[in-house]
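What follows is a group of structures, each given as structure tokens.
Here come two complexes built around subunit A, the first alongside subunit B, the second alongside subunit C.
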Partner chain A sequence: MTLKLVTSPLFWLTIVFLVVAAFLPLGVSGYILGLLTVAYYFGVFSMAWDLLFGFAGEVNFGPTFLIGLGAYTAGILNGNGVSIPVCLAAGAVAAVVGGVVLALPALRVRGPYFGLTTVVAVLILQNLIVVFAETTGGEIGLTVPDVISIDAATNYWIALGFMTVSGLVLFAIARSPVGLILQASGQDPVEAGALGFNVAKHKLAAFCVSAFFSGLAGALFVFYMGTASVGTLVDVSVGVQVIIAAVLGGRRTIVGAVLGAVFLIAAGEVLRPLGALSTFVVSAMALAVILFVPAGLLGLLTRQGQRA
Partner chain B sequence: MTAIQILIDGFAISALYALGATGFTLIFGVSGVLNLSHGALMVTAAVVAWAASSEFGLGPFGGAAAGILACTVLTLATYALVVKPIDRSTAIPTVEKEIFILTGTLLWGIMIQEFIAYLFTSNAKTVMPLVEGIVLIAGIRTPWNQIVTAGVCWAVIGLLWLLVNRTRTGKVVLAASMNPRGVTLLGFELSQIYVVIWLIYGVLAGIAGVLLGQFLGVSSYSVGPLTASAFSIVVLGGLGSVSGSLIAAYVVGYLETMTAYLVSPAYRTIPALLLLVAVMYVRPQGLLGRR
Partner chain C sequence: MTLAVLKTPTAPQAPAPQTAGAAPRLSVSGLVKRYGGLVAVNNIGFALRPGEILGLIGPNGSGKSTVMKLIMGLERPNAGSILLDGEEIAGRPSHRVARAGIGLVFQHSRPLHRQTVLENIKLALLPDNLLRLIADPGVERQARAIAERVGLGAVLDRLPGTLPFADLRRMELAKAIARDPKVVLVDEPFAGLTSGEVADFSALIRGFRDEGKAVLLVDHNVKSVAALVDRVLAMYLGEPVAEGSAAEVMRNETVRRVYLGGSIETAARSQSTFSGSPLLKVENLDVFYGKAQALRGVGLHVHEGEFVSVVGLNGAGKTTLFNAVSGLVPYSGEIGFSGETLRRRSPAAIARGGIVQVPETRELFGDMTVRENLDLGGQHLPVAESDRQRDWLYELFPILKSRGGQIARTLSGGEQQMLTIARALMMKPRLLILDEPTLGLAPVILEQLSKALERLRQTTPITVLLGEQNVTFALPHADRVYVLEHARIVWEGPPDRFAAEAGTGYL
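After this line comes the complex of A and B, so read on.
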């Protein structure tokens, strides 16, 4: 197992990527670091989503429900004078609790029904945020009094470190026996159940893990940005970006999601001169990848190496 | 007074919802495709109708025709360029086709939305009404246009019913929704049936879009909410069940209108969403869904 991992091209690609990424602050401007910081947090959102979709086979259309819960819980607590570490923990816990509340009924239904339940959860959260504008800042957004750091390089390293650790944990889960059971439950729940595995329990666990990382990433993101708003963290379109990043990078790979997120953010930035058409072009490119390279960018890179 | 106002307003809005959701549910019932670019197709119809009637001087009827035509062409393009290639692809495992079609149509919808915003800006546009003037119904000032909207919606739904139940093409479509393999064995080309259904869907979405543009006005921001409302109406009614969608459209339409009048327009969509969640808990297959 260990030997196979060390000899796989994916492993070395990841190491090279991380080493280059770690030394980036020495060479590039604060602006690019800021962009990459955002991309790394998005990468965590997408990786957490990929665990649920790629392995548990459940299409969660509402990743932003979990992200938003974490972000807003942390933000609101911080506004009331709670210190940052406690806020982060509370954000992650809130997302897990929300994830369980959402998953219990949602896992009873499958396919499009599950997807819809998760979208509805996002819409309800969005409405609640607007209705309770006094606490949440409503449509204008919530400003948190504390930030982790104002130094671009520090923020960048925190995001990179957080992404690496999350990626390791999620990847380890995906490759563990539990991950195999999840994959089996996703592909054929009846047979997985007949083999004696508790499908519902495993999926619920996957949901909790996904929620934990989404919520924690959401909370960290708030303390990086200094604000939380519906438009940047909760809106369905943000969730769509998370999903596109994961599918673009290569589903069922966990690591591919980061690649997709960096690609999306970078493409959006490079195409900025196109103005209003930039989103059009990014969507068109994503659609092309889905149509012509369904295995995603990572699948393209490691095609000869391993067939997952 | 308010009660009658709610009855009248709710009826027209619900009729629009019903027409918008009918095509969506038809496509799902027959080919199992959930088209997430639905809202973008409707907005295209409305925006083209607006541009043709107000900017190029084709008048309300010419504009409506242009809008419906544009929407139909775009709907067929959706099938040919996005749905069909994914459906035919050998690189995508069958179990994952669904998520690919969802993601693909979603991206396609975003592309249409952005392109409309680029060409016509994202400002709200109201399509020239087919008829002007107002009429008093039980003391309520009601625009004729609202009555025409509801009338056209029901006429089109009626025509669709006739088409499905009384014509040969319609019966083949109905059969395909029940058992695609059986229809193929009887010598019908499934891919041709799909084209027919997407054509019908395009016309339905076009009409609904143009009427929506006259009644409420649209902007490129309406794309997401329109898709979401069609999706929730269809799930509430039971995926693939046309009559279920009609009932659900009225439930949602009246619930929203009542909330807007009696509570506050800001809370408009919340009760319908809660109802949807409640239905999913108790009866996941929807009101009239078969499972």
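After this line comes the complex of A and C, so read on.
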């Protein structure tokens, strides 16, 4: 097992990536660090999403419902004088609770209806935030009093560390026996049930884990930005970005999602001179990868061409 | 849920003492399953002892698969009791039924494609526990032993996608063995296997019996499982019709009637009355689904105005043959229609060219009315002609006229079948392909359908290719019959010689 890990290209790619990433603040500008910090948080959003889609086989069109719950819970509590660590924990818990409330009824419906339910959840959350503008800041956004740090390098390292730990945990779950059962539940729920596995229980657990990391990442993101707004955290289009990053990086790989997120954010930045055209170019590139390299960017790098 | 379980008293039976040889392991009684108005399973009951193999057989639509699903917990029964060692399991979800000790060998499943054969087998050995993040080291050894036993030892590290069909079935068997169930349900154990593989699988299934497991084999006909089973229960239209040894059930009058029909009146016109080159000519047709070969070197022809029946059991390849003709599946070989090859023509072009298929699944537009469904079929005709065609069809199927405004989904099964045929006839086909029109229909409806087909044959010059496993329905109208068995045409001849020369395979 250990031998297999050490000889896999994925393992060395990850190590190289992490070492380079860790020493980056010594050589690049604070502006680039800021971009990468955002990319790393998006990477966690996407990894958490991949656990649901790639393994449990459920398409959650509302990752931002979970992210938004975490972010706004943390932000609102902080506005009322609660300390940052408690806010982070509360954000994660809120996302898990919200996730369970959503998943319990949503997992009962089959096929595309699960996805539709999750989209509606995002729209409801978005409306609630606007309606309760006095507490949430509404359309203008919520400003939190505290931030973790104002130093770009510190923020960067926190994001990198958080992403590394999240990735490790999610990857371990995906490769564990539970991950195997989860994949079986996603691919053939009837047979998984006939083999004695409680499919609903496993999918619900996956949803909780996904919600935990999405909520925690959302909360951390708020304390990095100092603000939370519907447009940056909750809007359906943000959710679409999260999804594209995961698919672009490589479905069912967990870590590929990070590559996808970094690529999306970097490409958006490099192409900024193109103006409105940049979104189009990024989307076209994403579409090309999804159509022609279903194994994603990670699949290209590790040459483990697999069927999507 | 309306689960009226327990017609039998529930006093939990004490764990069977040493005389267990006689105590049933699985005892099913009064099982009923309704889908809307359709009674799929009606009052089925049987007992299965340890070390016994029971064959549950019945033609398509007889409800045998539903019985299997009810036992496994994939469907909930409306009434009845399923006792496993005296414990009621009816209506429980499948994962609890599985843990109680029942295993199902699926005919088709979707294995984990990115995991090796070994990992797929390991999956079945895992506990249903969210906190077990590291597998028990014993699991690996066990999985290897099971793989050896079913003959997968050499392909442990391959991905399922690279395996031949029989090995995929072995893997399903391995997964069932891994759960070590007390009762094993096997869905169509030999479908799609060569005779050598059939022998291997028979040996494995006998192995279950020797271990003291109770085995239920679900299949279409007695013959395929006769060598293996201790007893057979035959079902038809949801009800039990015969029970006993394989030989007894094959001799049973009702069973013979269900499978072969009584004395069948045939009205074949000799082939010489159809002159000229054939309208449809199929030569050397091969079709593969992944690893499984669905058709091997099939050849047949249909003359203009002829009524040809293709008789074959479920899985013989009838639907595949028709789908190839309609351009719905890729094939090698040659299919010609009125002298021109159909290769490289799209399904839509083939349908417009005059070959109209009535699929076994009917494919009606469920939310449209009867009239709308018909008008869609006549879409390409000028309005006056479409009206004329519809009036003619209303004459052929009077029931459809009275149901004109009704939503198609709410029609009975027989009415839906008539509508599907009528819709196809609206397209004024040169060749009408009927795929199992009798599927799941009650005998009285069958008769109505039969009369309509007879009128069609006598009053129009239509050419028909009919696929059926119901011999009673396929023979009376046919001018010529082909028998399709295990992907090959094995017999061709006039219907009156069928019973003598090819009938025995249909029990």
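Of note:
Here is the rule we go by: the second predicted complex is superposed on the first by the 303 of 308 C-alpha atoms of A that agree within 3 Å, B and C clash if a C-alpha of one lies under 4 Å from a C-alpha of the other, contacts with A are read in each partner's own complex, and residues count from 1 in each chain.
Keep this in mind: a residue touches a chain if its C-beta (ideal position, glycine included) is under 8 Å from a C-beta of that chain, and two chains touch if they have at least 3 such contacts.
What you are looking at is a predicted structure, and each value in this text was computed from that prediction instead of being measured.
After alignment on the shared subunit A, the placement of subunit B and subunit C results in a clash. When the two structures are aligned on the shared chain, A:Q187 is found in touch with subunit B and with subunit C. Of the two partner chains, neither subunit B nor subunit C is touched by A:L18. When the two structures are aligned on the shared chain, A:I244 is found in touch with subunit B, with no touch to subunit C. Applying the stated contact rule after C-alpha superposition, one finds that A:S283 touches subunit B and leaves subunit C untouched. In the superposition on chain A, A:A267 contacts neither subunit B nor subunit C. Touching more residues of subunit A than its counterpart among subunit B and subunit C is B. Of the two partner chains placed by the overlay, only subunit C lies in contact with A:G196; subunit B stays clear of it.
When the two complexes are overlaid on their common chain A, residue A:I32 makes contact with neither subunit B nor subunit C. Comparing the two interfaces of subunit A, the one with subunit B and the one with subunit C have residues 187 in common.
By the touch criterion given at the top, residues 53, 57, 59, 105-106, 108-109, 111-113, 115-117, 119-121, 123-124, 127, 130-131, 187, 236-237, 240, 243-244, 247, 251, 276-277, 279-280, 283-284, 286-287, 290-291, 294-295 of subunit A touch subunit B in their complex. Against subunit A, in their complex, subunit B makes its touches with residues 34, 82, 85-86, 89, 91-92, 95-96, 98-100, 102-104, 106-108, 110-111, 114-115, 117-118, 224, 228, 231-232, 235, 239, 266-267, 269-270, 273-274, 276-277, 280-281, 284. Within the complex formed with subunit A, the subunit C residues making contact are 72-74, 93-95, 97-99, 103-104, 106, 109-115, 119, 122-124, 126, 128-130, 132-135, 161, 175, 179.
Subunit A contributes residues 172-173, 176-178, 180-181, 183-184, 187-188, 190-199, 201-202, 205, 252, 306-307 to its touches with subunit C in the complex.
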